[in-house]
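What follows is a short report on a single structure.
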Amino acid sequence: MMRTRFQHQIEELREKLLRMGGLSELAVDRACQAYTERDLGRCQLVLENESLINAAEREIDELAFDILATQQPAAVDLRFILAVTKINADLERVGDQAVNIAERVMDMIELPAVELPVDIARMATAVSAMVRRALESFVEGKAELAQAVLEMDHVVDRMRDEAFIMLVRKMNDEPQVTQQALDALLVARNLERVADHATNISEDVIFWVLGADVRHHAQAASASPRPDTREQ
Amino acid sequence: MSSASTAIVIPPISLWRRLVDRAMTGVAVLTVLLVLLPLFAIFAYLVYKGVGSINLAFLTQTPKPVGEPGGGMANAIVGSMVILAIASLLGVPLGIGAGIYLSEYGRNRYGDIVRFISDVLNGVPSIVIGIVAYGIVVIRQKHFSALAGGVALAIMMVPTIARTTEQMLLLVPQAIREAAYGLGVSRWRTTLSITLRTATSGVITGVMLAFARVAGETAPLLFTAFGNQFWNWKTDQPTAALSLQIFTYAISPFDEWHRQAWAGALVLIVLIVSAVTAVRIAVRRGTLAGA
Amino acid sequence: MGVGITVEHLNAFYGKTQALFDINLKVLANHATALIGPSGCGKSTFIRCLNRMHETIPDARVEGKVRIGEFSVYNGTSATQLRRRVGMVFQKPNPFPTMSIYDNVAAGLKLNGFRNRRQLDEIVEKSLHSSALWDEVKDSLHKQSGASLSGGQQQRLCIARALSVQPEVLLMDEPCSALDPISTGKIEELIFQLKEQYTIVIVTHNMQQAARVAEFTGFFLLGKMIEFDKTEKVFTNPSDKRTEDYVTGRFG
């Protein structure tokens, strides 16, 4: 097996990205738990760990850049590195969204708790599952897992739309809970954004694995599926 | 390297080795000197013995009858030149042609046969070649001639020229030939205009070597050119040659002739060296900068 | 001005050993096509079959059809005629050492009987311009021998020499392997410009060079052509796993 140094660098890149994925996933989970349990402590944690995610993003970009400059990767290796840089950016945005949710929650905690006709917890579970599955598809290099994430996005979009309608109605009916409702609406939107990022990550995985650009709902039909997909 | 005990240490060159190295260099230089010594000795001796007898008369007159002082080897000088010219005209094209065949077309068993015959021919005693030329030319024409002498010398030139030409052509890199083929040049044209041209200086060296060797041959001329005391401008009559004349004079009992023999030998050497040098200069001048 | 090349069921043998197995491909006119593959894969043998240079090796034999433009390479045309329409540049620059720069460039014409001095002057100048060497040698055309130039210049001289017989196809067998990066860069620029007038087939060990210079790339392995496609496809998403393994450096 040739190019040991190159292989090590690719492995390092993969591990770094996975670790960052873990951090981002954790941030979203924490923020959502903070919402359901109205926990200030968890919000603080999310805000504190934001810097770790940003530092990871920088590290990954640097390493990817280095490999591109010095190793002239081609074909699947090239696609992998490009995919990693994109997933990198999406994961960082996920971290940002987690921070946004935490800030919303911190807002909401100061207001009296009210009953809202929206099941953020259920949405959070779905979104969290999407992120996890997207990262899994990256780990396994399996396009089918990534494809599944793309399909789950519709579900989350519907949830967000429903939440929007219900919350607007609530705000019209009971103007005194407008602030809480708005906060909840924003949290729902943030979660939907996280789902979008998970979708992006899946598209990037498909690009890497199949060499097909399926962004913006283009089909993967033109890509030639390989008999054994390379494990990175 | 881990510990000092397992490290590999290369010792400095010992005094003994340096002395041996110097001694060997000295031996090499000594052998060169030993080889050059007879060469210079011969030349010096020739000059010493012969230079006194070289004068205008020597270079312009024909031999006088026995007993009379004076006279020269003018006819022998010219005769040698004529015989060598004929030999070159016959031997050089034949030799180069054979060399081209051996190098370009003869990398097979037929070529090996030709090479073998050439080597054998190289080893045949010169007097035998003279007799063969006698049989081929003199008996047919019923008289001695410069032509017969030229033929004999040509036969002697061919193997040397063929072999050196072959070697020089083989030294031309195949890449040069391929470059020519790639341009759509035919094989024979490539051989003559490219391969041969690239090897020119080496081929000329081979020709000069053969020339210098036969220029001094005497035995083959004994039964072919035969020698002549008088001027002869026809190629089909017995012709004087320097080597023959030197031989005749040297075995004679006359001191006068002995002196002239020395002079003749000196003239012969000078002529050969001049010819080779002149060709060398001409070739160098015709070569381009950087080639 | 260039023509396309069609190769059908080409098999090549050296004595009993088969070097090429059933090669089929089409080279587009006025494009550059690169052939890549590990050592001994047959790409040099293949390119030499296109102008019948492999015939200079004893016991070499070819089966199959090759067409350059409309005429057939193996039935009918003599090898020397063919080679005047298909130029070749070799791995190690090989200018004729005893000839001046001018004579080197004009060699293909002069050795084939062309004598008109004025036209020769024109063609030599044009060829040296085409190979980006004119400015560097215009003052010493007749005085300097071909071998006195630097490596990169020599190779450009060889390119000029090949171009002076006005071929339609230019075959290049690893033209830059013996050169430094700057000379390589100049020659790659050249190939880019030459494409407009000639059809170029270039064999190269350097995949990045193939990627930079050629629109199409063929991957050879053990005498077979594994894949032939647009260069971007071969280097970003090749169809065959063996191609991918080679291109990503996992072997070769």
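We call the chains A, B and C, going by the order they appear; numbering starts again at 1 in every chain.
Just so we're on the same page, a contact is a pair of C-beta atoms (placed from the backbone, for glycine too) under 8 Å apart; a residue touches a chain by one contact, two chains touch by 3 or more.
In this text the structure is predicted, and so the values were computed from the model without any measurement.
Novice: Central chain, going by Cα centroids?
Specialist: C
Novice: Comparing centres built from CA atoms, which chain ends up most distant from subunit B?
Specialist: Chain centre farthest from subunit B's centre: A.
Novice: Could you state the distance in Å from the CA-based centre of subunit B to that of subunit C?
Specialist: Using C-alpha averages as centres, the distance is 45 Å.
Novice: Nearest whole angstrom, what separates the Cα centre of subunit A from the Cα centre of subunit C?
Specialist: Taking the average C-alpha coordinate of subunit A and of subunit C, the gap between them is 51 Å.
Novice: Distance between subunit A and subunit B based on Cα centroids, please, to the nearest Å.
Specialist: The computed centroid separation for subunit A versus subunit B comes out at 91 Å.
Novice: Could you check subunit A for residues that touch two or more other chains and list them?
Specialist: Residues of subunit A touching two or more partner chains: there are none.
Novice: Touching at least two other chains at once: which residues of subunit C meet that condition?
Specialist: none
Novice: Which bits of subunit B are touching subunit C when the two form their complex?
Specialist: Result: residues 173, 175-186, 189-190, 193-194, 197-198, 200, 287-291 of subunit B touch subunit C.
Novice: Touching subunit C in the complex: which residues of subunit A?
Specialist: 1-3, 6, 72-79, 211, 223-224, 226-228, 230
Novice: Within their complex, state which residues of subunit C touch subunit B.
Specialist: 51, 53, 56, 80-85, 87-88, 90, 92, 94-100, 107-108, 111-112, 143-145, 147-148, 158, 161-162, 165
Novice: Sort out for me which residues of subunit C touch subunit A in the complex.
Specialist: Listed in rising order, the residues are 207-208, 211, 235-239, 241, 244, 247-251.
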